[in-house]
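Note that the chains are named A, B and C in the order they appear, and that numbering of residues resets to 1 at the start of each chain.
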């Protein structure tokens, strides 16, 4: 039985559609991340799941029970908010136990739960403080504590890390992941940060304009993006999207890419494909390799080399990024840190043909 | 139960909604209706057209009241704004004891206009007040008897009203001055722009909304001013200091002329409408809090 | 440097001159109220009393004649207290709940209603004077203190609603959402979360309403009966009372007595008083 099932969900304010025909299903223990740019409807979707916003069509079920129209308190959920939404006049302990108090849980159970959760989150020494006296990270923990004591069927997180500084964000991310593993909790998590989505999720939903673009595991989303939007949105630096020409050639596919000056870059995908004459080639920066010597090259990259003009070189410690231009677009390659690449010089690069994505330039959909 | 839970917010507002609907809008409608009838001592409900308004505009006393409203309103607003702005700019110069001065300037606003009127009536009375005091200092021919001069009495109302409200305008402007982005001022200082130019070219123009709200509040006070005239001059000498508010009151409660009272109230309403509606509209329009 | 110092002196001179202008009436009221009539007639307006007497205060408080009634201001002062306290309390409570709804529980049409309430703050009360007189008669509240309370509550909730609404919109909506997920309802959220945050705005609302109601004259003179007149009306009656000799010292003592409560509020809580004034004129 799915822990959360969303069936043909619609949401509109008058004529403006916020969510179009949303269908999602996750199992117990899944970590579902809703990701997309701001205004894509991901937070609205989360609020619909929570029951904080009314829906205009479709059905939401939690643990097999239809909860469409049920008020938030009766959905067996807990939620962590972007601003943490700690009650400013209550102490940390009162913040955490407020929900239990409202539901009439007896004092002893409240105390026991509070002790358990505060130990788990290491906030025992903060229990008598007011939210105003806490740091961002501490507030974040208290907000999670408030959700944890609820022991709900489903946890909802609304961009919980976006108000933290970069370093704290990384460590809290790890903690959330650990919590998920320890509790085997079912989680729906909203973020606009694709790295958070990749690192945390067991399942990702990429959204844009109120429409689901793709649902899949992080690996599926990353390796086989369903369209150019997903390809561009997920991954940093983003996937290179290069306009190219295609010619079928016996049992293989011949691909030509403009280099700006001189002959086009030409190589052959050994697999026969049914592609239109004009395509957009998607290739991740790490799938573009240095072609000086072939020893370290993956097999699939051996026949796709070519000299290109390097515009900019950006050393980044572990890697060196080399930016060139192909098909009129800037193209980034992730090279070894010790690469000999220099700006304003020709340099040989090779594509890993087994990792290529092909997109239609007309509608942006994936073709392979 | 579900229904109740969902509709609690509306139910909470309902009593206020009903009250506002009846006691503000219903009553305005009632007054408007009466102003179109032949009501005198008792309300009559047959519509009679604009006879009351014709009578109103033909009445010399109403003429005086409207004239006074423009003299009083105009002077009161302009003088209060000038004094308020001046004091605010002066107080903004890192003045010692600013807090004390601010408190002193603003306290009249806490007083009832009846108290203000009573005090100024005593100060301005020619027999024992300012005039007599200055004469006692040796200026035998000094005269300051506006209070009993029909053509000057309205200016005593201006004086007392300015005394009461200019400190409040000062507080508004001071808050405005303080809310101007200090980086802009620093940038101007670095550019070598002299202080008075910083005020005239940078700070004051950014305070346009505050001028507007000060104007609205003062205009509103001027049109509603009633207590002050009652306490200071009681409309006199004669009816030389009548304002629309006192005229309306006289018609309603001492003359027993409901029709005139209603039509004069509607004219006051119209004047306020003309000032406040565009203001409220612009205030509510662009600001979306959600 | 010297021109600068000179300017500075000029600046202080102007500021002090204005301070004198604002303080002069209070000073005159106070000194006059402490002089005997004899001294008023012979001494100057601005001179200090040669011989301090509290007799005018005693007279103003308990024996001065307002119209035909010669009991001083005392009964009317208590009328004002009896009128102001409930009216302030009720209008503040109603305003708090209204503001809470407008700020945090928006529904379709709420904005329009808010605009309607806001507009109600600005109407000249003359326009409701006649029908209100009729309505109070109809409700059996004419000439009574409950009638005045009713009127002040009705025309006060516009401002109190505005205060609370503008205060509560600054509180993030996620707080209400979190509390809803926690299972709390409308009133629970109000009492457990919003009310404890509201002390500053309650103070503003109470001070504003108290000042308005205490200082009101129009409603008082229009809707009160002989036994229910508020202090402002009585003060005006005492000052304009034609019986006997004009007792300026008693008038001034009475004026100070009538002004004392609001003056006290201003001195004690001036900060909140100013916030109320500015909130009433500038939105937000």
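In the analysis below, contacts are C-beta pairs under 8 Å (C-beta built on N, C-alpha and C of every residue); 3 or more make two chains touch, one makes a residue touch a chain.
Everything numeric in this text was worked out from a predicted model, so none of it was measured.
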Chain pair, most C-beta pairs within the contact cut-off: B-C
Identity of the chain that, by mean CA position, is farthest from subunit B: A
Inter-chain centre distance, subunit A versus subunit C - centres from mean C-alpha coordinates, in Å: 58
Between subunit C and subunit B, distance of the C-alpha-averaged centres to the nearest whole Å: 16
Junction residues of subunit A - those touching two or more other chains: 71
Two or more partner chains touched - positions in subunit B: 5
Of all residues in subunit B, those that touch subunit C in their complex: 5, 8-10, 12-13, 15-17, 19-20, 23-28, 30-31, 34, 43, 83, 87, 90-91, 93, 95, 101, 103-116, 118-123, 128-130, 132-133, 136, 163, 167-168, 171-172, 175, 209-210, 213-214, 216-217, 220, 223-224, 226-227, 230-231, 234, 244-245, 248-249, 252-253, 258, 261-262, 264-266, 268-269, 272, 276-277, 280, 283-284, 287, 289-290
Footprint of subunit C on subunit A - complex, ascending: 47, 50, 52, 71-73, 77-79, 81-83, 85-90, 98-99, 102-103, 146
Residues on subunit C engaged by subunit B in the complex (per definition of touch): 11-12, 14-15, 18-19, 21-26, 28-29, 32, 40-41, 44-46, 94, 97-98, 100-101, 103, 105-107, 110-111, 113, 115-120, 122-135, 154-155, 157-158, 161, 169, 173, 185-187, 211, 214-218, 221-222, 232, 235-236, 239-240, 248, 251-252, 254-256, 258-259, 262-263, 265-267, 270, 273-274, 277-278, 280-284
Contact set on subunit C toward subunit A in their complex: 172, 174-175, 177-184, 188, 192-193, 196-197
